[in-house]
Every structure is written in structure tokens, then in C-alpha cells.
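Heads up: the structure comes next, in C-alpha cells.
First chain written, first letter: the chains are A, B, C and D, and each begins at residue 1.
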Amino acid sequence: MSNLPKHLLAGYHKFITGYYITESDHYRSLAREGQTPETMIIACCDSRTAPETVFSAGPGELFVLRNVGNLIPPYEPDEHFHSTSAALEFAVKALKVKNIVVMAHGRCGGIRAALAQSGAPLAPGDFIGKWMSLIAPAAQTVASSSLMTAGERQTALERISVRYSIANLRTFPDIAKLEGKGQIALHGAWFDISTGELWAMNKDTGDFERPEAP
Amino acid sequence: MSNLPKHLLAGYHKFITGYYITESDHYRSLAREGQTPETMIIACCDSRTAPETVFSAGPGELFVLRNVGNLIPPYEPDEHFHSTSAALEFAVKALKVKNIVVMAHGRCGGIRAALAQSGAPLAPGDFIGKWMSLIAPAAQTVASSSLMTAGERQTALERISVRYSIANLRTFPDIAKLEGKGQIALHGAWFDISTGELWAMNKDTGDFERPEAP
Amino acid sequence: MSNLPKHLLAGYHKFITGYYITESDHYRSLAREGQTPETMIIACCDSRTAPETVFSAGPGELFVLRNVGNLIPPYEPDEHFHSTSAALEFAVKALKVKNIVVMAHGRCGGIRAALAQSGAPLAPGDFIGKWMSLIAPAAQTVASSSLMTAGERQTALERISVRYSIANLRTFPDIAKLEGKGQIALHGAWFDISTGELWAMNKDTGDFERPEAP
Amino acid sequence: MSNLPKHLLAGYHKFITGYYITESDHYRSLAREGQTPETMIIACCDSRTAPETVFSAGPGELFVLRNVGNLIPPYEPDEHFHSTSAALEFAVKALKVKNIVVMAHGRCGGIRAALAQSGAPLAPGDFIGKWMSLIAPAAQTVASSSLMTAGERQTALERISVRYSIANLRTFPDIAKLEGKGQIALHGAWFDISTGELWAMNKDTGDFERPEAP
């Protein structure tokens, strides 16, 4: 017995009889020549924020790391298994991407968990809590802002987490060096699931703004 | 200055004036009600294998973890930051997904790195090497199969890695328990970038086969 | 010598030879019958946020109070001259408006002054400082949020000030009573000067959201 | 539930799809550079006398204080919250406007209240009465002019109130000083709702006259 869940099989059937046919030359070429994406995206696992959908991206366009809360931990060259650091290394050294975009989104369950747990002791084996504790100090500060609504606190922490991850990207010596030489650019973005609006981080101020039309 | 890379802005413009318009009610509803994906996919960061594309998946359908080589490390309830374990915990405990699919793909750069480095000492700070060393024993065995071509060794290790990750999924107590009760199903898949073919792992034999049409 | 500033005379000339001509019956009727606006708007003095412009409102439509920062002080039935309270009383008791809208806006100079001065002693005769000190506790809290950018702190306080003013509207016994009977509705709004976007306060959560199309 | 009154949403829709589109560059520039209005207008809350309409003023042109009866209380540097004084200070010291215009209008409800109540004891908590009592001595005098019709008394007090407010503007030390140096000009105006006529105060005589064409 080998069959995948029905909705996946139906979706794959649609792909192979539709999109793949129009893109088959492209896929063959990408298989032969390898991938050369210009851009790495760090996004959340959330089912509502696939970067390929939001950016209408075709095969070969985006190298995508997805974890809960689109977080980048600080550089830590130890003996542990670092999926995040491995992906960054692959993007920067093997693929030589020119852009890294950290993309957060509204109504993020990971951020909500961070806000809910702030201050509470983290149970051992509580992986979400431990993972989101990367931004625990920020979460505690934001959680205590009683003048902001729950929704505003959530959005604030989502955006703070982008700035936090971008700051951590700069703790990776290779990335810092390439950025210093102008060979890589770090970007922040925030996607509003409800309205479909995309907000881009202003590199000078850290504010999130609607990007100008292309 | 806030603008994102031009190709992203152009892609987003296409999304918001096209796909989003047809799906706006769906997006609003997903924002209001939250996500309820039935399926989690663990896929590679590779720019050519976006699960949403291969499975024609709309918003809300797939909860997606992506790392280099689509690997699941074994359960390890320690003090470290585990992005993989956090995503699994969120999918299984918060979202209560019914399926977890590990999807590998042809011409995987991570697998190629694992085959190339097998046996070589891993430099400290070599994150890809360290990450892919999760499958080092398998990589060494495959790399020494001089009877197979380089391409065959690559495909073999790609598929072995899926079985390895599924075995590790079962080291997570919650997942093992739910699978025992028939409340969650674990699947393997392998995507051929060049031909667009999808292969599904036979759960009894571990072989990869073309799935039956839906 | 009686002439007004040239730009006003030119603007008036445009009005009397254009808009007034198309609306002259309406003006005559409004003069004869009196005004019966359904809605009172409390807006800022800022030259970029005229409610009549943002809401394309014609004569007779909006009863408008404008002060720095669109603030409503708490009810205080003393012997002092209260321009705000007088306008509320006129709107609610004489005109019997059905809606009161507090409309803030981005890049508000009053809010910026409140954030800048938070914690500093207010010089006597410093009217802006004294007036904006109505929201001093909120300003101090927001000003200390070092995790937010200056722009984010500004937007946060602009929105908090709307909730503050709406809460103060409810300290006026007549307004509280009418709201209780469902005879008056209190709304919050925030106008983004740069993009022209209007955000409306959700009455249940206090969050600001893009209003649905009419 | 967040939606604003329907007539506002419809008006905003007209604005954002019409006027805003033709002025979007202007709005963006005003957001980026800040406002630099040359003129402050003190007008009434009345729904029929929006200064932006009467003067065909675009965004950024007029800094507008609106209260019932367009009154300026005398300078009083005490501990109370003065919305009027705060707006004057902002206009004069932060924005350095070159003109302040006090604009009254016909059929003013505030003035009518002042005429009706003159001589009557003001109930505590009667905010309109208290506010309009700023011009109580003048109102009493005018009310006793049995030779004038009710309409003439009303117009007379409307114009007296402009001269009263301009006199009070001169009690603000900064304004008096700037006027002395010729750096700010104080103007009076009166708008006839019915006919659309604008009358300007002659600075030498205090009379109201039709302004010369521009």
C-alpha cells in the first residue's frame, strides 16, 4: 500500500496535467543545470503563508526555509544539529543567493504561544515553548503592554521577531561579511492573511510599510 | 528604503491582483477561523520542490516544514532549540494533523553533500556537514557501493533518508502513540524534478512506487 | 484693508464659481432648515486629515470638532471653559447625532510631542505638553517600548489615544445613557496620510482593521 | 464588528478611488516631509461650514481648529487642559503659520444659544452655556437691542464674536510679539451659509466687507 492522502493525490494530478505541462521545459532545465535562486525566504510553517503563493513564484525561484515563527537563532558553532544554520550556509555559500527575506505573518500561532507563555516556566520536552523562547524577552515586554489590544500585541511581536531574526542573521560571520560588501541584502516582510496585504520592513527605521508598486 | 527584491514585488503584484482576488473569501475565513490543515509536509528548502506547487495546494491546506534534505532528527528532549521538533509538536498537538508526509526529491544538494563528505572529518562550524551527518552511516554505506552509478547512489540515499526520517518520527512519543491508535498516518514521497513524477513510499516494503491515480 | 490671504481668496473663488453653484439649493435649504448631521467627527487640527475630504462629505453631513491629537478629556462638570464638552453636548443634545467617530491619523505631531515629552516635567504655559499630558501615562509606557521602532510607537499611541478618547466619551452621562439604549454609536478610525488607507476600530477587540467595502 | 457608518464608508470609497488617486503623490510627500500649512483657521463645528470646502483647500493647506462658535478664550497659563491654547501653540511655534483666520458663519447654533441664555443662570454641567458665556457680556448687550430683529442680533453677535476672539488671540504673548514684527497676520471672516457669500473683516474698522476678487 503506497497511496498518499487523497487530497494530495488529487492536487498532484492537477499539477502534472496542468502546471507541469506548461513548465516542463523549465523543470527539465532546472534538473539538468541545478537551481540558481537569487532569493532565500525564511517563512513560517503556517498553511496560509506559502511564499511561493504570496510571491507567485515558479520552480527555481525561491530557496525556502520554513519553521514555526520564521525564527533565526543566533549563530552558535557547536556540535548540535542546526537545521536553520545548515540552510543558511547552503543558501549563502553553495547557492550564493543575493537576498534573504524573513517573512512573518499575521495570526501566527507560534507568536501567540510565545505571548501566552511569557514568564511561565517552560516544561522540559515542550518544544514549541523552548523554540519560541528565543524571543521570550521581547514576548514578556510586549505581553505586559496592557494599553495595546491582544491583536496589536500579536502584530507587534510578529514584527519584532523579524527584526530579531535579521539581527541574528548578522551574527553569522559569512552573512555579515557579504552584507558589508554589498553582495547580499537582508529584508523583512509581514503578510496579512486576511487582507492579502504585504508589508515590507524599512531598512533604515525597521518600520513595516506597504511596498511601492513594482 | 523598504522595497523588496523586484522579482518578489512583481510576483506579489500578480498574486494580489489575481489569485488573491479569487480566494479572498477563503483568506478572510482562514484568518478569522484559524488554520485547520489535515496534512503536514516535511520538504527540502530546494527552490524546485515547493509542496504547494507539486500538490496544487491552496491556502490552509498544508502545514509545511522545510529544511535542507527534509530530515527529521531523532527525538531528543534536551535544552536546545529544536526547530524541527517544535514544528512537529505544533502540527500534532495544536493542529492535530492526520498525515505527516516526508517528501524528498531528485538532485538534492544536501544529499549530494552528504555523499561527498561521507567519511571526511566535519569542520567545526560546517553546518551543512553537521546537519547531513544525521544520515552519515547510510551515506557511507551508499557511497561505497561502487557498483552503482553516481546518479543511482544519489537517488538511493534520497530515498533512504525518507525512511530514516519516518523512523525518527516514530521516536517522538506522541506521534508513535497516535500512529498506534490509527489517528495519524506517516507517508514518504519522492519528487523527480526533471519529469515531474511523484513516487510514494510503500508502507509495507519501503519501496517507492508511482501512486495510483486518484 | 480687508483682504484675506491670497490662497484663501483664490480657493474661495473656486468654491463660489464651482462647487457652490452645483450645491446652492442644498446650501439654501440647509440655511433655512438648519443642520441635521447624523455623525459627529472628532479629528485632529492637522492640515492633512480634513474629515470632509477623507469622507467626501458635503455640507450638512459632518459635525466636526478638531483639536490637537483628537483628544476627549474625561467628563469634568466644573466651572472651566470646556470647548470639547460643549461640542459634545451640542452634538448629542441639540443635534441628536447617531454616531460619534474619533478619527486619529498617522504622523500626528501632537502624539509625537506626547512621546517625546513623556516623563519630562511640563513647563507652565506649555499648552501642547499640558494638553497631550491627558495621555501621558500611555505615552510613557509606549515610549519605553524599546523593542518597537519610533514609527511603531507612534502608531501604537495614536491608536491607544482613540481608545482612550472613546473611553472618556463614555464618562459623559448623556452619552453613556444613549449608547446603553442603542441610540448612539461610538466609533474609532485611523487615517494613514501616506497611503490614504482608513482603518476602523473593531468595537469588540479595539483592534484597527481595514473596513469592509460599502 | 468594525464597520463605520455606511455614509462614511461610501464617502471614503469615493475619496480613495477618486480624489486620493489624483493627489496620491501629494499625500505621500506630505507624509514624508510633514505638513507646512501657511494658514490656521479657527472655525465652528457646524456641519455646513467646513473651511476646506469654503476655501477649496487641498491636503496640507489649512491647520484647522474647530469648536462651537469658533471662539478663542483669553490667554490663561494655568494647570487646566486647554485644547484651544494647545492648537494655537502648535500652529504658531511648531508650524510657524503666517496667518490665523477666525471664521464665523450665519445661523450659528452656538451664538443662538448665547443669545437665548444671556442673563440666565448657567446650570452646572451646562457645557454649551459655560463655553458660550465667554461672550456673555456682548450677548447680553446685543440681546437687549430691541430695535434689531432676531436675525440682525444673531449676525451682529456672530461678528462681534470674531472681533472678541481676535482680541483674545492678542493676549497670547507669542502671537502678539509675532504680529508686532509683521510675521503673523490675524484675520476675521464670516460665511453666509445660504448665499455662499464670504465676508472679510476690515482690519482697520472691524467691519465685515465682501473681499475683493483675487
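Just so it is clear, a contact is a pair of C-beta atoms (placed from the backbone, for glycine too) under 8 Å apart; a residue touches a chain by one contact, two chains touch by 3 or more.
Everything numeric in this text was worked out from a predicted model, so none of it was measured.
Shared contact partners of chain A and chain C are absent; no chain touches both.
Relative to the C-alpha centre of chain D, the farthest chain centre belongs to B. Fitting chain A to chain D on Cα positions gives a rotation angle of 35°, stated in steps of 5.
Per-chain Cα centroids separate chain B from chain C by 52 Å. Separating the centre of chain B from that of chain D, both taken as means of CA atoms, is a distance of 66 Å. Look at where the CA atoms of chain C average out and do the same for chain D: the two points lie 15 Å apart.
Counting partner chains per residue, chain D shows two or more touched chains at no residue at all. Contacts between chains trace an open chain of neighbours here, each touching only the next in line. Under the touch rule stated earlier, the contacting chain pairs are A-B, A-C, C-D. Of all the residues in chain C, the ones that touch chain D in their complex are 1-16, 18-20, 24, 27-28, 30-32, 34-35, 37-40, 45-50, 52-68, 71, 73, 77, 79-91, 94, 98-99, 101, 106-107, 109-110, 124-128, 130-134, 185, 187, 189, 192-198, 200-204, 207, 209, 211-214. Touching chain A in their complex are the following residues of chain C: 138, 141-142, 145, 147-152, 156, 159-160, 195, 202, 205-208, 210.
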